[in-house]
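Okay, so chain A shows up in both of these, paired with chain B first and chain C after.
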Partner chain A sequence: MDFMHRALSAIFPVIAAFILAAALFALTGYDLYEVTAGVIEGAITGYGSFWSTLRWAMPLLLIALGVMFALRAAEFNIGGQGQMMIGGLGCVAVALLVPGPAWLVMPLAVLTGMLFGTLWSLLPGILKIRYGADEVILTLMLNFIAVLFVSWVTTGPLKDPAVRGESASTPKVDEALRLSGGDGMSWALLIMLVVAALVAWLIAERTKTGLQMRFVGEAEKAARWQGINVDRLKLISYALAGLFAGLAGAFEVLGPNGRLVTGATPTIGFTAIVVTIVGLSRVPGIVFAALLFGGLQAAVLFLPIVSDLPSSGLKILEGIIAILVTAELIRRRRAG
Partner chain B sequence: MAIALECKDVDVRFGAVHALKNVSLKLETGKIHALLGQNGAGKSTIARVMSGVLTPQNGTLKIMSKPVVTGSAAQAQAAGLDIVHQRFALPPTFQVGEALEFASARKMGGVVFSKAKTDSAWAARLKEAGIDIDPKAKLADLPVETIQSIEIVRALANDADVLILDEPTALLSPSAIQDLFNNLRDLRDRGVTLIVVLHKLKEVMEIADTVSILRQGALVMEPTPTSELTAEDISKTMIGEVVAAAPLAHAAPTLASKDVVCAFSAVHSPTKGGEIGLRDVSFELHAGEVLGVAGIEGNGQRALAEVFAGLTQPTQGDLSLNGASLEKCSIAERRTLGLRAVPFDRMTEGAGLTVSLWENTMTWIADRFRRFGPIVSTAKMQTDAATLLDSYGVVYNTPTQDGQSLSGGNLQRAILARELTGTVKAVLAAQPTRGLDFNSTNFVWQELNRVRSDGAGVILISSDLDELFGICDRIMVMRGGAVAGVLEPEFSAVQIGAAMVGAT
Partner chain C sequence: MDFLDQFTITTLRASTPIILAAVAGLFSIRAGIFHLGIEGLMLAGAFAAVAAGTASGSVWIGLLVAIAVCLILSVLYWVVIDRLKADAVIAGLGLTALCVGGTAFAMQVIFGRRGQMGSEVRLPRPVTGPQEGILGYVSELTIITWATPILILLAWIVLRRSRLGLQIAAVGDYPYGAEASGVNQSMVRLKALLITGFGCAIAGTQLAVGDVAGFSENMTNGRGFFALAAVLFGGFSAVYTALAGLFFGFADAFGIAMQLFDQSGLPTQFVLMAPFVLTIIIVTISGAVKKKRGTS
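Let's look at the complex of A and B:
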């Protein structure tokens, strides 16, 4: 009953958003049937569409799992974007610079990506917890620093000499290190995503750390009186947020992109926050929400082919979902 | 006699809970009316319906003989009714003047206004009410009784004819309660009708002209003049059955042993968040005794509790448990050693309201439920929590329900269940019966008594002298963060009062 209630209260705003967006598109003169068919084809039924949905759901899911830990500890870590890019940087550096057999370099590259993401997230975590700096501003600003740092690396030390023009990137990593082809998804990646989601669920719901982290987020004072180490758990929440975002960055590099590209997926870290909120900060919900938003992203890329609705139209839909879900969240908080 | 407020057939349900059952009530003008009842009887609910904060499923409301739409605070205000909530409504981070201008229905300035002007206008208002305070003072820095007086000024600024106060005495020290009562009598004499939600008999007999009693959501006593009632009549009606007299009855204090379980030696602690720190506090807590801590609120009781529990480190001095220094012990280590605490505020410090009951009672010992490596069995945590809650008589449906679904008394039972189970050597209970009804209060006393008989030392911080006299073996009085005296029985209120205010 309670679960049903929670699930409904999460799904209802999403449905309402679809209806509102449909009304908006209809009122502005677009062919609703054409748009809907386009979205469904682009996200699910078209050739390679579902694969494409999974490809976009991947970074959303991983970053959102990280954001989940932060939100559970009541830390508003919005640095997923930067943590992902720095994770990608660590990964690509190992993939390009460390010689050795693929079976050794590949996991090393992924682990380095996770480590870089973790460190990038721990930096604001330490500043917040030790000195009381504002984590929203810190993590937001560190996103810009990460973007600029990556763009320096891709135009400087790790520049691909073959690339000209604006979209700077590193050279491609060795094919043997790739986790997927150009279509972005593979069974290997999919299995690792499932494992990542399971591990996140276990940590969050079935370990002392996960349980205490949520307790700290919900009732910090009570946690302190019961001897729960609030600072330590908050710091762990930062580490986990960065770890999962770093993993997303590593998978982007070894998977779909095959290299580190400046300016690739510039907003995915923020969409991931919406995914976490739509998913009610619970792993099953986040998986569902990541698929939803991954599907929308796949549709965004496909839609211009079959409909004259600009792809930014679907960004409006994403925006409405975010607003309604947040409103519902606040309503439930108020209702107690 | 004119009727100030009339409710008819008011019915409120919260999900499965039938909070008010067809309550009809008529209250006359110019009197102090007490609404009495145990925790969960529906007192606060009816107060919220009257003030338009809560929309009832059914029922009508008339204020000063004018019908008003239920569930509209603005209409209720327009009809001349205002309310001072138990949890204050003024934003604590605001300055006094700002907060009043912001929250009051009567604005001193327009849309664009001069802060200097509104500040001085509000300062004048406050002065009229006998509160001499700088309108630029921050609310959060003020003592609770001052904030309450300011809340009353806020409510009356709109020339309210009817003022509701929801449990106004809950947070006040005994002397502040007297000031509040004097203030209420003045207001009555000026023609304001007062509706006061209370749950202490003594206070009702002292202040109220009429009493109405609620029990389990139903009105069981129509407004009746206090002069026609005895305390026994009221308590019988309120509880619904005759309770064993003298809940304070307690075996003669016995210092079972002179074994010291916990000792403070020359402890100093920093002043934190406007709460005074400890100044050279030394005392010994013996096994098998209840050591009361009396004092006007804000005289170091919080610092004492936080130093004891390990939330605050002493700047000088040391405390020990069974002779071993606790200097390097974390809060968690102290708890494992048997040092437990029932914190002041059960809703923020004692338990998490948005956290389930099993998490509230078991998370801190989650390590004991490990199965494979770091993976814990939450199923076992839930069944253990259920067993624990059952053994303390907590009324609940499932251990997965949130803390906020419990009434105050039940929540406190759950907290006691957590704190008084396992190794218990020394317990500090801070205001453990504040705001609780008869039965729950009794339960808390029994439990403290039980751990004391089991050989633990108990420190009881309380501002209720009856409670302290009833169950303490010794009473330590705190003043200005220091120990002002330690008294042995027979206790005398005069002696304690003198020590509290420093008249000795």
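Let's look at the complex of A and C:
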């Protein structure tokens, strides 16, 4: 019963948001049938559409898996955006600067991305746990710093020399290091995504650390009385959040983008938080939610071909879902 | 205009919307609501001011419609977080996303424009100062920039010297104590949110029809979040919050000046980072102090 209640309370806002958005589109004179058909074609049935859905679900899924650990430990780590960018930075630096055979450099680049993401997340984690600083502000500020830092790297030290003017991107990494082509998805990436989801599930549901983390999030005081090292578990939740976001950044660099680009995906960290909550902070739910939002993103890019509905229409939908998704859903959190 | 004039005017231009949004946001944060929707409210205000101003031909109608839109959105946000008990952070980010999408959508539906649109009206610049010399910049300032110090003073009076200000602080610091002494928490939060919405509308109006005379998608570009940082930086005082907002504007102007007259080779990105780094330091210090006192 409890699970049903939770599932319904996550699905209901999504349905309500779809209805509200549909009403808005209908009132402003758009052909709902055309839009719906366009969304379905762009996300699922069209040529290459589902591949595109998977491409956009990939970073959402990875960041959301990280956010899951943070939320389970009741830590509001909204720094996924920055952790992903810094992860991408670590990855691209290795891919561009370290000589060696591809079979060695590629895993090294991915691991460096994960490491950079982890460190970028541990910084607010330590400041929060050691000094009690507010983690929402810390991670929000670190997102801005990460954007500026990557903007400096892509216009300065690692600027693509082939592009004149104010290019904000690094050169392309070597083709041999790429995990996918320009369409963004490949079987190799897909398999790694499945492995990442399984690993996240194992850590969360089948290890002592994962289960204790949830205990800490739900009843911190009780956990302390039980002699659980709360600070250590919270710190692990930060590390895991950064690890998965860093992996997302690395996959973006070696996968679809092939380079580090400034401002390529400006709100993905936020969408990933919504994905986590719609997915009830559980791995299977997060997979479904990531596919839903990935599909919407794919549809946004496809829609202009078949309908005159602006892509901002689907941003509205995402906003409404976010506004409603925690409504009446009892996840108490923060006051000032 | 010489360099110093240019620098002063850029600082004041860049900081006015941030100061207004920050001082407005102070009310919500003081009431215990970490209002990440400020960014979206500013954007909605900016669009409403351009849209209604252009449609009616009057900048004042633009301002009024901007205020109306932001107040309605604030009530909506209040319903969701207070009545429906939604998470204020998530719903606030959602509100911002809704406004980013909604303004772009409305611009296309109403005006058939993508990306950006110009404004037919602009805010008046009431003071025609000397065209040259050290005060040459004053004739560039809009009426909202001139009104900003008065609004800051008003905010300070309301927060420090009025019943509502005390209630807001009580609800933020000791919600149960406030409730026990007969303060209606919900209503106080609503009032705080409405004040925030009001200020964001003015901030958005200044942004869109003050200096640039036009609206472009996502033109707030993080200013709402800077405003929140200014609130924390300002340690819950209206005056210090405004000074922190001024500092953000200064950093912005400094960044632009660096780009124009780059001598040292210090990248502008690092100059722009300074306020964020400082915010992190301040938040950490204030957290540590609270922790030591055992109140956190």
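Annotations for the structure displayed:
Simple rule for what comes next: the second predicted complex is superposed on the first by the 319 of 336 C-alpha atoms of A that agree within 3 Å, B and C clash if a C-alpha of one lies under 4 Å from a C-alpha of the other, contacts with A are read in each partner's own complex, and residues count from 1 in each chain.
Keep this in mind: a contact is a pair of C-beta atoms (placed from the backbone, for glycine too) under 8 Å apart; a residue touches a chain by one contact, two chains touch by 3 or more.
Computed from a prediction, not measured in an experiment: that's the story for all the values here.
For the composite obtained by overlaying on chain A, chain B and chain C cannot both be accommodated without a clash.
Counted by residues of chain A touched, the larger count belongs to C, out of chain B and chain C. Look at A:56: by the touch rule set out above, it reaches neither chain B nor chain C.
In the superposition on chain A, contact of A:229 is made with chain B only, not with chain C.
In the overlay built on the shared chain, the residue A:69 is in contact with neither chain B nor chain C. Once the two complexes are laid over each other on the shared chain, residue contacts for A:320 go to chain C alone; chain B is not touched. Touch criterion not met for A:244: it reaches neither chain B nor chain C. When the shared chain is aligned, chain C comes close enough to touch A:142, but chain B does not. Contacts of A:132 after superposition on the shared chain: chain C is touched, whereas chain B is not. In the superposition on chain A, A:267 contacts chain C only, with no contact to chain B.
After superposing the two complexes on chain A, the stretch of chain B that clashes with chain C is 97-105, out of 7-15, 43-51, 97-105 or 187-195.
The contact surfaces that chain B and chain C form on chain A in the two complexes overlap at residues 336. Looking at the complex, you find that chain B touches chain A at residues 309-311, 330-335, 341, 343, 345, 348-355, 359-360, 363-364, 366-367, 370, 374-376, 378, 400, 404, 418.
Chain C meets chain A in the complex at residues 29, 32-34, 77, 80, 84-91, 93-105, 108-109, 114, 172-173, 175, 217, 222, 225, 228-229, 232, 267, 269-270, 272-273, 276-277, 279-280, 283-288, 290-291, 296. Residues of chain A that touch chain B in their complex: 2, 202, 205-209, 211-212, 214-215, 218-219, 221-229, 336. Across the complex, chain C is touched by residues 28-29, 76, 78, 127-128, 131-134, 136-138, 140-142, 144-145, 148-149, 151-152, 155-156, 267, 270, 273-274, 277, 310, 312-331, 333-336 of chain A.
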